[in-house]
Amino acid sequence: MDNLLSDGLELMVFGMGFVAVFLTVLVFATTGMSAVVGKYFPEEPAQPKAKKKAAPAADNDDELVAVMTAAVHKYRS
Amino acid sequence: MDNLLSDGLELMVFGMGFVAVFLTVLVFATTGMSAVVGKYFPEEPAQPKAKKKAAPAADNDDELVAVMTAAVHKYRS
Amino acid sequence: MDNLLSDGLELMVFGMGFVAVFLTVLVFATTGMSAVVGKYFPEEPAQPKAKKKAAPAADNDDELVAVMTAAVHKYRS
Amino acid sequence: MEKLIELFLASGAYNISGGQIVMIFVGLLLLFLAIKKNFEPLLLVPIGFGGILANIPEAGLAYSAVENAAHFAVPEVMNSLAAALNITSTDPKEIINAYHNSSAAEHQAAINAALDGGYANGMLYNFYSVAIGSTAAPLLIFMGVGAMTDFGPLLANPRTLFLGAAAQFGIFATVLGAVGLSSIGVMDFNIQEAAAIGIIGGADGPTAIYVTSLLAPHLLGAIAVAAYSYMALVPLIQPPIMRALTTDAERKIKMHQLRHVTKLEKVLFPIVLLILVALLLPDAAPLLGMFCFGNLMRECGVVDRLSDTAQNALINIVTIFLGLSVGSKLSADKFLDLQTLGIMSLGIVAFCIGTAAGILMAKLMNKMMGGNAINPLIGSAGVSAVPMAARVSNKIGLEYNAQNFLLMHAMGPNVAGVIGSAIAAGVMIKFVSG
Amino acid sequence: MEKLIELFLASGAYNISGGQIVMIFVGLLLLFLAIKKNFEPLLLVPIGFGGILANIPEAGLAYSAVENAAHFAVPEVMNSLAAALNITSTDPKEIINAYHNSSAAEHQAAINAALDGGYANGMLYNFYSVAIGSTAAPLLIFMGVGAMTDFGPLLANPRTLFLGAAAQFGIFATVLGAVGLSSIGVMDFNIQEAAAIGIIGGADGPTAIYVTSLLAPHLLGAIAVAAYSYMALVPLIQPPIMRALTTDAERKIKMHQLRHVTKLEKVLFPIVLLILVALLLPDAAPLLGMFCFGNLMRECGVVDRLSDTAQNALINIVTIFLGLSVGSKLSADKFLDLQTLGIMSLGIVAFCIGTAAGILMAKLMNKMMGGNAINPLIGSAGVSAVPMAARVSNKIGLEYNAQNFLLMHAMGPNVAGVIGSAIAAGVMIKFVSG
Amino acid sequence: MEKLIELFLASGAYNISGGQIVMIFVGLLLLFLAIKKNFEPLLLVPIGFGGILANIPEAGLAYSAVENAAHFAVPEVMNSLAAALNITSTDPKEIINAYHNSSAAEHQAAINAALDGGYANGMLYNFYSVAIGSTAAPLLIFMGVGAMTDFGPLLANPRTLFLGAAAQFGIFATVLGAVGLSSIGVMDFNIQEAAAIGIIGGADGPTAIYVTSLLAPHLLGAIAVAAYSYMALVPLIQPPIMRALTTDAERKIKMHQLRHVTKLEKVLFPIVLLILVALLLPDAAPLLGMFCFGNLMRECGVVDRLSDTAQNALINIVTIFLGLSVGSKLSADKFLDLQTLGIMSLGIVAFCIGTAAGILMAKLMNKMMGGNAINPLIGSAGVSAVPMAARVSNKIGLEYNAQNFLLMHAMGPNVAGVIGSAIAAGVMIKFVSG
């Protein structure tokens, strides 16, 4: 039984310690990442438009479909 | 072969009988349930609104998203 | 090793040959099918409407729902 | 040149059997009925297509690894299969026979031998195992159907449950017919097969597939095709019977408006039904349990995203696999059989008897309630075939009284029929499988 | 007549045990809480319904083929099971026991014996094996949650990660409590069970289910029910603790507006997190890997159709199966136990300690940052329970300062808590399972 | 302290190998190409992410239970694995080797030994087994692609099928190249591997994955990455070849308007194609069968809800699992190999030869039809890579004649290329796997 208790205690100390260490490292990593992004890859002011550009594949497909549909209609009318 | 026929006959009698008994019990249970509901839990007249209240989780989430979106816009503008 | 090379060569000859034969047969089959369709099952001019008729099951269900909804409303009002 | 001959010897054109040609035409016929005649297309398009795939010669899409090994019958593989199955014959037919009757351990050993021989399960066989062999697919379809079903009309008039009960007489009468034909030697069905055939009369696809997969999986192709075809034929099959069994006066009976049903009643109904099933017939619990679960998700109003998924993405995905899996049972050696003709004939008898029983019960109830309370035309809807049968009741009713909308009244027996055939399924699984 | 008796002897009404009655009421209670009180209905409706299904007498929906065979205890089948498991006793209980402790080969032999005896896995057992036994379902839910999570507020103020760390103290304190109670003989949990109970304090459903399925699957029912119930109770559990541990002045602290976070930061964050996990704690890789994958699909902007599916059709389908599978663990013999009471009590303790630890850490950070930078009310959001806990922080904050919207500030610790409990899960799997 | 050391010894940072570091960078590169350069993101985001997950040290996500057991190499487990596999050596490498070459029964025994030792399949390994090992995922993707494909342009001008045939020359030329390089000792591919590499030239992802999973599953990572990367590079790879092989006059040829195609023709086409496959090449039946099934669901007009699901929820779900599963084959020990370089080089050769063959065939056809009927620029679309290759034809065409829209004309060979490479796949499976 003592063994169980010491296992629990150990788990608490190491577990909580590890969680704290990991998230601390993550704070530094995240802060560093944000700093690098902010310095070397600042976002252009016109952000909403940037969002739209993000899915060019889909856009292209839409465009393709539009062209195809137009073509089909033309040939049929 | 006779055995097969008697099996079939037995299945018909007991099967049909059981279906009849079960659905009869269900008629009574349903009628009883409706009576209890009608007596102790009558529906409020304004039913359409009641419907809307039924999914508060989703509503709350929508509200949350709205708040978050508003907040984000505010901080960015 | 020679064996491998001859396997590869054989695969190329027979593979490419088979692809060519298959697609040639498909050209004839498709052309024939289109000819038969064009001759015996020409499309009616009013094509858009034909499209709508194509899914009567769904339509019927919609109609059913509409009737049911109407009925429910009538009984409740 | 050698390769060319090899290619030809392995081609479908060289290997195709008469049976496969016939079955490919059967598949095309099902596609025609589904696409042009709108016979339950959601099921018959995948079933018909799966039937064609199952009959592609040499592809073995519908066969297990062991069946594929037996088809090619390489001597060493036959030897190791015979050893795995503890038989001395290496004849492919006897191996297949031994395989189907083997113990679970021998079964696994045979599979191992086939895999070692380089054979694999066909694609459709895998789909069948996952979707139907596990019984998951019909249960998930039933969950989706539950999520689509509105029990309001039934709750407004619970006595229509009697109509749903009566219409199940078609199931049991057909079972008796099947064993009768077997007794006099015309057909050769055992009691399990007879029960599975009878369930066609339940007019409920997933129930029929579930019962058949448990009691007589080798008949699944014929029974599923019969069930869905006859459901599609409801508008043709039922009206003559309905006209024959009712008087003009009865057909003109105008029923009372249905009372309003509260949300709470709708929420409680699936729970009440589940508890009755739990107390009275546990063997119906998988089918009706999933059905009630779907209905509760629909009515409780707090899990709409789950209910939507059950009614759309999930049921559609399952339908695709279910249809292809049923199609895998349309391979020539499993379908082309005198039994299939017997099944098709008995199936339509089941439908007709069920329809008649529902109408007669409705007439009886009408008499007992004073002769002006129930239009007997709604009795035929008790076979289920939701919502087609209810629509037929409505249509015939309108023919005789243009102001008499029976649709809502017929929806009660219609959904009652679903419950009734699931109960009948449970009884048969209980008595016949054990 | 014989058949009638047979039917009655096989009915639920005849066979139902007291435990099953109790558990059916527990299932109904869960449905009531979910539907009427809106307790995490997406999970508790399927769990509650699955719990009822699992307790239908004689149906054996939640049992494996071997368990079903042992329930009916036909002598020949018991003999072949005993032979398969290499034991001499044919007592059903001993057979079940031997089955659970058997080697993989014996396990397979026992399954074969049960199949040969005509028994099959119950439907819910199959769902459990596929969804939870494989660990796939909680991981896929986590992927969907990742696809729904916006890390913007966290990225704007990464220090809130400390709050997410502190709140995990509830997990480990509860583990200690569980082993303490066992040491003094009040309860009887081993270290695996204690760890699984502690994870309730993580306030994160899929994490709790994942950890429990690995460390103590027999407790899954109680732990999942506790986790989801307490998450639903967050608006009741947390406010008193929050008020007790904060001063009026602290509750009125107004936090700075969050800075704008760029798209690139959001895209890089899941990758940074994944690489840290890879370097520091591989045991957390399945959970956090799928979470980061979902979030990357969300933020990268080029796979919106995959992200939508992960957030909708896929997560809904998985939720249905996950819920029913958890419900299968609510069978009377597995749930009705003193342990369950212990689990429910320790679970709420875990929640309270986690909440308190988060608030105290927030107070400490506020002190260290000059006393006016962090409103300690956001600390309680560190337990996760997204987004409920953040909303509670916001609500209490508004009570004391009607102009102070804490919601966005509380979202940071809230999502940090998800990461924190996944890390805690990885540590426990690492130390406790091996 | 002991635990701290244990944690460190089990951490990724301590255990990571050079190969894993390289492969994580490869995964990041794929994510970069997918997200920033828009290289087939629907596949390369999951593949890249899966590749990173597969290389997390000690997590063993991409390994089977036996491989995981061999990695940790606990002596007792090695002993029981050696016993299960009937070898005397307990060296982990030899055990893995014996495992991969074991009979099905030994295979199962080894798995049992690993499970008894406490090891389990990694998550990605399970995904791979279910999605690709069963061949289900590429077939379901093909069904979805079929449901998205409009054969109208092909039906309007069936001769464009010849272009789709010619472009498959790239496949077979590459096979020859691969065996040639092996003959002279530069590389070391057997005929199965050569065939799988050649299929990259088919420019069709699911076909390449299907063939490779059957003929050379150990190369799946490299081949899938090559196939999707080169498809994304079509707009860079093809134009120079197109310009080099055509004259200015040819590039300006204006093609006739396509005739109107009736609905019935579109419905019948997948059936005609299926029957030809059934008669001529059963080995292509799984691929083209599912493709035709998807297309029939699209065109028949009566199962729109199934078609929608096949094109959306189902294909998205399958894509997620397919991508992660392919990623699981990017583990360092399987990917970092001279073979991978060979595959990447041969793959691009296959693409170029296929493009050239398509154009030359188009020139030939144009000559034979009077020199003004077919713009050779549409020949390059015969490699498939739908719809990218057709769009490239259109773009180059517009450069030389601003009034000449080739898109619809190029869609014919484009979809013909899909059929052509599926046929080529069937031929290779037929000749090379047996």
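Quick notes on this structure:
Every chain is named by a letter (A, B, C, D, E and F) in the order it is written, and numbering of its residues begins at 1.
The rule is short, and it goes like this: a residue touches a chain if its C-beta (ideal position, glycine included) is under 8 Å from a C-beta of that chain, and two chains touch if they have at least 3 such contacts.
The structure presented is a predicted model; accordingly, all values stated were derived computationally and were not measured.
Of all chains, the one whose CA centroid is most distant from that of subunit C is E. When the contact pairs of C-F are matched by residue number across B-E, A-E or C-D, over half of them reappear in A-E.
Measuring from the averaged C-alpha position of subunit A to that of subunit F gives a distance of 27 Å.
Our note on geometry: subunit A versus subunit D, Cα centroid distance of 47 Å, whole angstroms. Computed centre separation for the pair subunit A/subunit C is 40 angstrom, with centres defined by C-alpha atoms. Among all residues of subunit E, those that touch two or more other chains are 3, 7, 38, 41-42, 280-281, 301-302, 305, 313, 431.
Annotation for subunit B: residues 14, 18, 57 touch two or more other chains. Pairs of chains in mutual contact: A-E, A-F, B-D, B-E, C-D, C-F, D-E, D-F, E-F.
The residues of subunit E lying in touch with subunit A in their complex are 154-155, 158-159, 161-162, 164-165, 168-169, 171-173, 175-176, 178-180, 182-183, 190-191, 194-195, 261-265, 268-269, 272-273, 276, 280-281, 301-302, 304-305, 416, 419-420, 423-424, 427-428, 431-432.
Contact residues of subunit F toward subunit A in the complex are 3-4, 7, 38, 41-42, 150, 152, 257-260, 387, 391, 405, 407-408, 411. By the touch criterion stated above, subunit E contacts subunit F in their complex at residues 103-105, 108, 134-136, 139, 267, 271, 274-275, 277-283, 285-286, 289-290, 292-293, 296-297, 300-303, 305-306, 308-310, 313-314, 430-431, 434. Only residues 10, 14, 18, 56-57, 60-61, 64, 67-68, 71-72, 75-76 of subunit B touch subunit E when the two sit together in their complex.
Subunit B meets subunit D in the complex at residues 1-2, 4-5, 7-9, 11-12, 14-16, 18-20, 22-27, 29-31, 33-34, 37-38, 41-43, 47, 50-51, 54-55, 57-58.
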